[in-house]
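I have a structure here, written as structure tokens, and I will follow up with some questions on it.
Each chain carries a letter (A, B and C) given by its place in the written order, and its residues are counted from 1.
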Amino acid sequence: MARQLSRIMRPDDANIAGNVHGGTILKMIEEAGAIISTRHCNSQEGEACVAALARVERTDFLSPMCIGEVANVSAEITYTSRHSVEVQVNVMSENILTGAKKLTNKATLWYVPLSLKNVNKVLEVPPIQYARKEQEDEGKKRYEEQKLDRLETKQRNGDVMLPVINPEPHTVGYSQSSLIHLVGPSDCTLLGFVHGGVTMKLMDEVAGIVAARHCKTNIVTASVDAINFHEKIKKGCVITVSGRMTFTSNKSMEIEVFVDADPFVDEPRERYRAVSAFFTYVSLSKEGKPLPVPQLLTETEDEKRRFEEGKGRYLQTKAKRQAQMQQAAQQ
Amino acid sequence: MARQLSRIMRPDDANIAGNVHGGTILKMIEEAGAIISTRHCNSQEGEACVAALARVERTDFLSPMCIGEVANVSAEITYTSRHSVEVQVNVMSENILTGAKKLTNKATLWYVPLSLKNVNKVLEVPPIQYARKEQEDEGKKRYEEQKLDRLETKQRNGDVMLPVINPEPHTVGYSQSSLIHLVGPSDCTLLGFVHGGVTMKLMDEVAGIVAARHCKTNIVTASVDAINFHEKIKKGCVITVSGRMTFTSNKSMEIEVFVDADPFVDEPRERYRAVSAFFTYVSLSKEGKPLPVPQLLTETEDEKRRFEEGKGRYLQTKAKRQAQMQQAAQQ
Amino acid sequence: MARQLSRIMRPDDANIAGNVHGGTILKMIEEAGAIISTRHCNSQEGEACVAALARVERTDFLSPMCIGEVANVSAEITYTSRHSVEVQVNVMSENILTGAKKLTNKATLWYVPLSLKNVNKVLEVPPIQYARKEQEDEGKKRYEEQKLDRLETKQRNGDVMLPVINPEPHTVGYSQSSLIHLVGPSDCTLLGFVHGGVTMKLMDEVAGIVAARHCKTNIVTASVDAINFHEKIKKGCVITVSGRMTFTSNKSMEIEVFVDADPFVDEPRERYRAVSAFFTYVSLSKEGKPLPVPQLLTETEDEKRRFEEGKGRYLQTKAKRQAQMQQAAQQ
């Protein structure tokens, strides 16, 4: 059931230091996931459908990928609920000159099948066979957890990024950035909605600009928080992708990114929040070593609160990682 | 000495109504100009150079181009001064199914040859031969006029677009927009500077979003004012392209667009204004007929002043066009 | 009747050594061919049509093209049968700094006009005028030859590439590769079918990855065998492009590439083989000199058989080339 997708990394996939953008990798991951889950959902008799991305679990970027290397992306369906599909995607970078291979990412994505005739209708997913009963039980647990998290994050979404006039260096206002993008045909699936991967690529682009504005060095994506896709974005919309720094540790920066959609032509609807997530970036020296990051200066009460929340996420992730390493060492 | 360049227009070159973006056409015009002028400037013994875009004269979009049509772009050198080259570019749209051809644009571009070894050194241009003495005299007159205009516009550049919180519909703040773009390798010439055509495409994209936000209908580029390229933009920069509406007539909108460059990585330099220009857009019905445009609501003194200046440009262009039509009728 | 198409080669058109991908060139060749043949087939009164690529004759890549050079692609119709058009395309690389021009490719393509209203209906082609009677006779001979060859290759198509676990270096399994691509709107013609040039570009990309995995050096396309387009590929399909090495000589590698289409949404149809072809690659040193190639290790009976078949093609091409050189020397 596994699928593989390979592509050579080109200059436009990377920053000027030659490191492939995290967004390029996220886009390939999502394409592999969309193909395998759409194929699975159409494998039985019944209404034709397209799998739409609903959520990406937290993902670490384990090692950098460079121009000229081949990205090998493989995808596998690991769980199905009545209306959703869980896909596990692995990315390996391969230096085809030396033959060296490295694991770059392990990602988990959730898709929902939407009818080709009626995009508001969610279809049923054909069940998969599990080799062992525990696989189904573990999948069910992951399914319940993500369902809860999606509900929670939906409530956080009233926030708006306000502009700042003449900001000081290292403040939140100094590095905050936003871009607008007119959704074109190549950004969209057969249903006329933006591919989740296209959205994630733009989010990573904005996060990277925020990080670079803050520390003025070569920066790379270290991890992405769980991303929930609350609402579909239609062809012809203008999307505004905004990023602001929320937290800095000694060697990392956390950036919050929002995606707002404006269905501006021939649509009565107001602007809405479609996606939001946290990206973590690190700063690298010319030799690829992590550099210290200038501390973020917080000014308003909201900025101070967000900094503390970011610190909480940072410490939690750190603790989790240490526990995993201890566990691994004991085995 | 004329050159031709042809390309089929694809869905990604156009808006959802199927009209090819003005920016796509400007990019093709500039590529044709860059090829012919770089070739000319290297046609004699001496230092190798790349022609850099310095200015585009005012250009009208005479008829729309659609997906599936072939754009035929032809370029010719019409004047050379000691350090600059004037190129005349014509664009024809061709429906290869019916054979129908239409003139879409007539554009005039000025290029300056920069040394491949030292990008700050402007080289000498080999003179061209004129069929008639008047051609040289007319060219010289155009050369002096554009030189004066470039000097003048360089002084207008202190202006900055300020953000507005919760703006009312049809105000300047309501539709103003900006995008950021990280300059990648494929955006650049051999010298590592952004192609003028890439910059113009982004400028048209922002202007189009401003126009669509104002009138919420299908919009197309009607004309572009003279564009002066004050400063080069280097690979690795982040550019901010900002647009705001300055004037509306009954059936057209004028949008001012700035390009600011941030040389943010490993560069001591401050943000600088690289390019600015005015774009005029019209709103079209589903049948392709011009629609009335909601009047722009001006609030501040600056907005009122810019509205009056825009009105001045509008009336001047209108008078010029009427004079040309009368002249044509008398011939 | 000749047409020209010019474009500057950018970083994304090339590999890390700066050599433009064969696939980029094949894509430009096909676009020039599609424009001239679609225009010709619509030059008479009657049903509107789009020319679909049916076959590309064997093509040699005579000299490399580099970033910053201009590709000049010119096309001419050289023969018409009742239902097909033969187009001859030449590609010249031009260094616009030195003025040096080199012939890169001479390609021959066959197109078939499909009705815009009914894509399964092949229309009649308006006849062209020949300057000399022999031109028509020679064209007819080429037409009959390709017709025969297309019939033959259609039968070869049952083959499938199986994955190999832990392969040894220099075996077939070690370098075999595949990529999957979801066909988007910009990949397609007005009829909603993939442009032949898009398919060829993906085929060259896979062949290049196979060649680089085998010899771990800078590699370039040396030639492409005749490519037959057996079946159209529709928008929304997923295509799987697979490549495996079939033969190595001292200084060249032959790679077989398949394109399989999966009409996975809304189509009851099974996966089908759309295109297949052989690509020949050479390995280059940093100075651009051909390097020896590690010999391919064949393991199974099928691999040994394919190696012998590849050897046959290699010796035949070599003999043909020597005969041409002798002929040229005698003239």
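Rule of thumb we're sticking to: contacts are C-beta pairs under 8 Å (C-beta built on N, C-alpha and C of every residue); 3 or more make two chains touch, one makes a residue touch a chain.
Every value quoted in this text rests on a predicted model; they were computed, and no experiment measured them.
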item: Category of the chain touch graph - line, ring, star, complete, other; value: complete
item: Rotation in the CA alignment of chain A with chain C, degrees, nearest 5; value: 120
item: Centroid spacing, where centroids are CA-atom means, of chain A and chain B in whole angstrom; value: 36
item: For chain C, residues contacting two or more additional chains; value: 11-12, 185-186
item: Touching residues on chain C, where the partner in the complex is chain B; value: 3-8, 10-12, 31-32, 34-35, 38-39, 42-43, 48-50, 67-68, 70, 94, 96-99, 116, 185-186, 190
item: Chain B - residues contacting chain A, complex; value: 11-12, 15-16, 162-163, 165, 177-182, 184-186, 205-206, 208-209, 212-213, 216-218, 235-236, 238, 262, 264-266
